[in-house]
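There are structures below to look over.
Look for chain A in each of the two complexes below; its partner is chain B in the first and chain C in the second.
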Partner chain A sequence: MTVTTTASAGPRDDREPAPATPPSPRKGRRPGRALPYLLLLPALLLEILVHLLPIVIGVAMSFRELTQFSLRDWGAAPWRGLDNFRLVVDLDAPAGQALLRSFVTTCLFTVASVGLCWLLGTAAAVCLQDTFRGRGLLRALFLVPYALPVYTAVITWSFMFQRDNGLVNYVLHDQLGLLDSPSFWLIGDNSFWALLTVSVWKGWPFAFLVVMAGLQNVDREMYEAAALDGAGRWQQLRRITLPSLRPVSQVLVLVLFLWTFNDFNTPFVLFGKAAPEAADLVSIHIYQSSFATWNFGAGSAMSVLLLLFLLLVTGVYLFLTSRERRVSRG
Partner chain B sequence: MADPSRYPPPSRAVRSVRSVRSPMAPPRSFLWSRRIFLTLLSAFVLLPVYVMASSSLKPLQDVSGKFRWLPSGLTVRPYLDIWETVPLAHYFVNSLIVAGAATVCSVVIAVFAAYAVSRYRFRGKRLFTVTVLSTQMFPGILFLLPLFLLFVNIGNATGVALFGSRGGLILTYLTFSLPFSVWMLIGYFESVPRELDEAALVDGCGPLRALLRVVVPAAVPGIVAVAVYAFMTAWGEVLFASVMTDETTRTLAVGLQGYSTQNDVYWNQIMAASLVVSVPVVAGFLLLQRYLVAGLTAGAVK
Partner chain C sequence: MRRIRARAVRAAAGGAAVLSLLAAATACGGGTSASGGSGESSKTLTYWASNQGPNIEADKKILEPELRKFEKRTGIKVKLEVVPWSDLLNRIMTAATSGQGPDVLNIGNTWSASLQATGALRPWDEASLEKIGGRDRFVESALGSTGAQGQDPAAVPLYSMSYALYYHKKMFAEAGIAGPPATWDELVATGKKLSRDGTWALGAEGANLSNNIHQVFVLGKQHGADFFDAQGRPDFTSDGAVKAVKQYVDFMAEDKIIAPGNAEYAQNQSLSDFAKGRTAMVLWQAAASTFASQGMADDEWGVAPVPVASGAPGQGTSTNSMVAGINLAVFKNTRNVDGALKFVKFMTSDEEQRLLCSTYGSIPPVKAAQTDPAFDRPELKVLRSTLATSAQALPQVPNESQFETVVGTAVKNLFAAAAGGRAVSEESVRAELTKAQAQMAQG
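This part shows the complex of A and B:
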């Protein structure tokens, strides 16, 4: 793979048209044409080694019958064509039903989590737009969940969600009397809400950070002009702030969607190796079914389907948002 | 609460309007909504932080029985025990090596790549940026197993042990932060005037010296932001750490689970260990967060 890349980069240099700026006679300008490729080379090689090549292997694996025995020599594993795919999308079989349920759960979870993260992040960033006493402190505080390593944050939440010694049941049952009896939060249907809470707690500061950065690019004179024209604070928010944030929000929502949909760390640390059905996100589902049944071919098939779905959603999203931008500009 | 002085000094006409009745002052409804919202949000954010800090100072019976807001007695015992229950110091050193090396490599590689993209026109440039960025959306689970196999095969073929070693984990982690780092640095380098490095080139600097002497110093906030991001990514990753490490190379992400596999779950020790593990990252992040905001403003948010 290494050789192919360098080789394909090589001949391209020769065909490269001369740069627009006249080449200076000085030494050091001569290797100029190969230079960008040399600078890119380390990044390119690593991306190929750790991302692209494994994905090609993953796709190849999804067409084969792979068990723990054939795994080491996966290239020699028997070819099964689309059998793995048929198995995992067969809605009459338990495997297909489980995947569909996990997929629906993940979609609901992602929509709820991304929506709440965006809402909290935008609201907080707008609230901290003015200067007031304590603003710097709040800003630092709000970034703490983002800065905490995922596992320490999630472990703390799992302690809070414990049935017998956790804070959540103590507050809801013992102190407020909202629950008749202490509930289980990390098994059963409640686990969806536990997972959502942790995900939003961990995820909204990123939205806050990005929207805060986006707000710095909003022209302040617009607010002054609007204020002089008699626009109130709420009107300024609706007519200036939110429309100016639109492009930033569009990118932000896409990034949050991809991260949340693929999230593995949060459910893995929160529930351990056996996630409850109500919070069985696709990543966890694939991981579990690969290692529980040792059917790595089916696991790879599910991963490939997941990737295709994400590609489709991203493509449609980018198409819609870029068209909207073109329409609004024209 | 609101301070109108954040605006640049207004022109005389505006000032005379403002002296009558400040039109910039937010109305009461806005101020109160803001206060209530910020208070609730702070409570939500602080709750786990408080639980982590207070539980780490509680005796074991406090965290095994019903939850208590205040400890029955303060003890630093958990902070002494965490080092004994699991080899925490060992995991700490592993995490430090892995995250540190991944950060340094990722930043250096991203600086070169971003410089090439922002300063040169070349064939395949768009393909490169799109490909690198699109790796962000690949589900980690898709390439977990292939990468594992690849590392094992490379190990068998060349004798370079990537699987189970810190080197393999460093390679993996640095590519995790690479796409975002390249993307952000491209934006940041674009904001450094071209005239600066062109002047350096005219003065006889080679392109690399122009990059290191002129562009990099001007882009320090962006580079710091990228470094913070890369370090946090590597420090917090769980999935690959749990598959790609063995007992000697285990990182904190996996090692911390050691406290709950015993018969008793030592929640006070878990909280103490979590706090000890979090403090360096959070402190570093909060010290450098303004760079991250500046870096995002210049780079990503365009």
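This part shows the complex of A and C:
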């Protein structure tokens, strides 16, 4: 508290005597203005070191021919200009086609996963809004997937998805008879649904948590007023709850989108380093292009394109949502 | 008052900033000196061992006493790390990139040429080989899988293995089958008798990329295909290669002697199926210790050479195994070359070879150690004779490890298609292999 008042007060005090003694205000002003930056400096330096530097190196790598021959002395790897980018976006060549297919798969997967996470999270949060016996227990139970370590949880899922001995086929085929024959979940086209299931199972508790927090800010009186005016539960949800949750949902969807689109752990643990085509997410695809075929230049080029795409989507999303907010406010 | 407070705050903030900067700087400094520690002193070595036993703890228990023995003799302390197979190649590549790695390390022998190309391993010139007793101490076929031809080996053989056909005696007897098949036709015919009522004739690890490669490489040899041309360029779509891959996948798709569920196996589930009496045969390398750990007695299973079309394994189209095994390499950036060579000499000594290979159930690549009675078991006799007469090394080309990944994945995809009930035709095999080859061309 003291920091803010004194820091902002400093320059104001100096401003009046300024014309009389010109050098002194400069003296006084500088450290005052610099203080916030000085305080930010350590964080900034670490941020550069931990986040920005690897990104810059990654971008530099995308312009080089970095293979097993040049790996050891990677500073001296030959420059290839835009060749790596040309290779990975050339839709007439197999590499470009594979990347495009993987990109489309990832988009479908992300839309489905984020949509389901949001829907489940919001539904559960709204249902648990009113107090009833066992609410605390349910809330805790719903958060369990979020609290489990990713690897442990996904490995467990991979056991459950095994064809011959897995729990999923035991329930769906042996017990309920929903499937004519036991299905494969970890290879072939079904792998998409397996991946989506795990992703939603893992992601929706976060949506639940955030929406639950957002609901605490909705004024209870609005519901009472609406009820007096004859609005039913559905109308209350549509006209009060959802509009009030809008700012929370907007941030939530963005965060879920970025996490899901970039998710590496889930497919990697579920399928190993060669994911089936139906579940070949971009992150796994880039990993395979870099580590399995030892072509780090092409892998980096794909990463840079992914980064640009995510930046673009985030930028457009933030622009649209902030404009919407301005419009609705004005 | 305000001013004094402001000044104090500023001073404190400045101090804090400087402190945290210092902390960051020292952290960096600490990082460099710590990571530069490998082999700095001539009295220590870092050794990355691969996972050879049932698990990593077992490996430590087996190796630690030997390392202490080495320390007692030479005064050099060896720091052991057993690296799981799933991480080993990535760890070596990271070490190659950063220059910070172990002094001595185990590598899969099929990676020799790939890693040789990175320049991360110290070449074994004649002088170095002399220091460990010379090239002649080793079995020739094992030396064939230590790097590209015409170059100094990138590593020396440590443990050797080869493939054999393991069969379940009781299941054979119940089906009225006299002995193991010697040709593929016999295998399919026998297999059809054995595949009934929930039991299956042959096991496979359809989602294990390396295993897929080992199998189709040998079948490729039998069809006269090599997967690489004489210049070392990928040649995955030759007729022989297509036939080889199709023949392997057809054991599931066409002949129906492999259970469809095997398409997703990658963690040696086929061996547990064998031990449980659900599968009658597996094509495997040195499986004895795994069978024992699954509770099988040694007389419950038999061993025969892997079938070939002619029925008599040999060279060329009668090849029936790859040269499997582990090599020992010295990291180029080691600061203790002398100690590293001493350690390699120790690990490849007759005494250690006898001890370690008999513990791991593998064959010593050192000729003198092979005479030990421990290696006269019927299983090891088959493996030894295969290794000596009818095994060939996987292509010793720089992009071998990429080949394992992309062609291994192609076979995995084909198994997935076969298991899903889709037909596997020459066209579909060729299409998968074309896709695999295109991935290689990226580089």
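Operating definition for what follows: the second predicted complex is superposed on the first by the 291 of 330 C-alpha atoms of A that agree within 3 Å, B and C clash if a C-alpha of one lies under 4 Å from a C-alpha of the other, contacts with A are read in each partner's own complex, and residues count from 1 in each chain.
Note that in this section a residue touches a chain if its C-beta (ideal position, glycine included) is under 8 Å from a C-beta of that chain, and two chains touch if they have at least 3 such contacts.
Computed from a prediction, not measured in an experiment: that's the story for all the values here.
Applying the stated contact rule after C-alpha superposition, one finds that A:216 touches chain B and leaves chain C untouched. In the superposed model, A:235 lies in contact with neither chain B nor chain C. Look at A:39: by the touch rule set out above, it reaches both chain B and chain C.
With both complexes placed on chain A, chain A has more residues touched by B than by the other of chain B and chain C.
Touch criterion met: A:164 reaches chain B and chain C at once.
Of the two partner chains placed by superposition, only chain B is touched by A:227; chain C is not. Of the two partner chains, chain B is the only one that A:268 touches; chain C does not reach it. In the superposition on chain A, A:49 makes contact with both chain B and chain C. With both structures placed on the common chain, the touch criterion links A:293 to chain C but leaves chain B unconnected. In the superposition on chain A, the residues of chain A contacting both chain B and chain C are 9, 32, 35, 39, 42, 46, 49, 71-72, 74, 164.
Chain B makes touch with chain A in their complex at residues 1-3, 5-8, 10, 14, 17, 23-24, 26-27, 29-30, 34, 37-38, 41-42, 44-49, 51-52, 55, 63-67, 109-110, 112-113, 115-117, 120-125, 128, 131-132, 135-147, 149-150, 152, 171-172, 174-175, 178-179, 182, 201-202, 204-207, 232, 235-239, 242, 252-253, 256, 267, 270-271, 274-275, 277-278, 281-282, 285-286, 289, 292-293, 296-297, 300-301.
Residue ranges of chain A in contact with chain C, taken from their complex: 2-3, 6-7, 9-10, 13, 31-32, 35, 38-39, 41-42, 45-46, 49, 67-69, 71-74, 87, 93-95, 98, 162-164, 184, 186-189, 272-274, 276-277, 288-289, 291-295, 298.
Across the complex, chain C meets chain A through its residues 2-3, 5-6, 9-10, 13-14, 16-17, 20-21, 24, 90, 93, 96-97, 99, 114, 117-120, 206-207, 209, 259-261, 263-264, 266, 398-399, 401-402, 405-406, 408-409, 412-413, 415-417, 419-420, 435, 438-440, 442-443.
Residues 9, 12, 15-16, 19-20, 24, 26, 28-29, 32-33, 35-37, 39-40, 42-44, 46-47, 49-55, 57-58, 61, 71-72, 74, 120, 123-124, 127, 130-133, 138-153, 155-157, 159-160, 164-167, 169-170, 174, 201, 209-210, 212-214, 216-217, 220, 224, 227-228, 230, 232-234, 248, 251, 255, 258, 261-262, 264-265, 268-269, 282-283, 286-287, 290, 296, 299-300, 303-304, 306-307, 310-311, 314 of chain A are the ones that touch chain B when the two sit in their complex.
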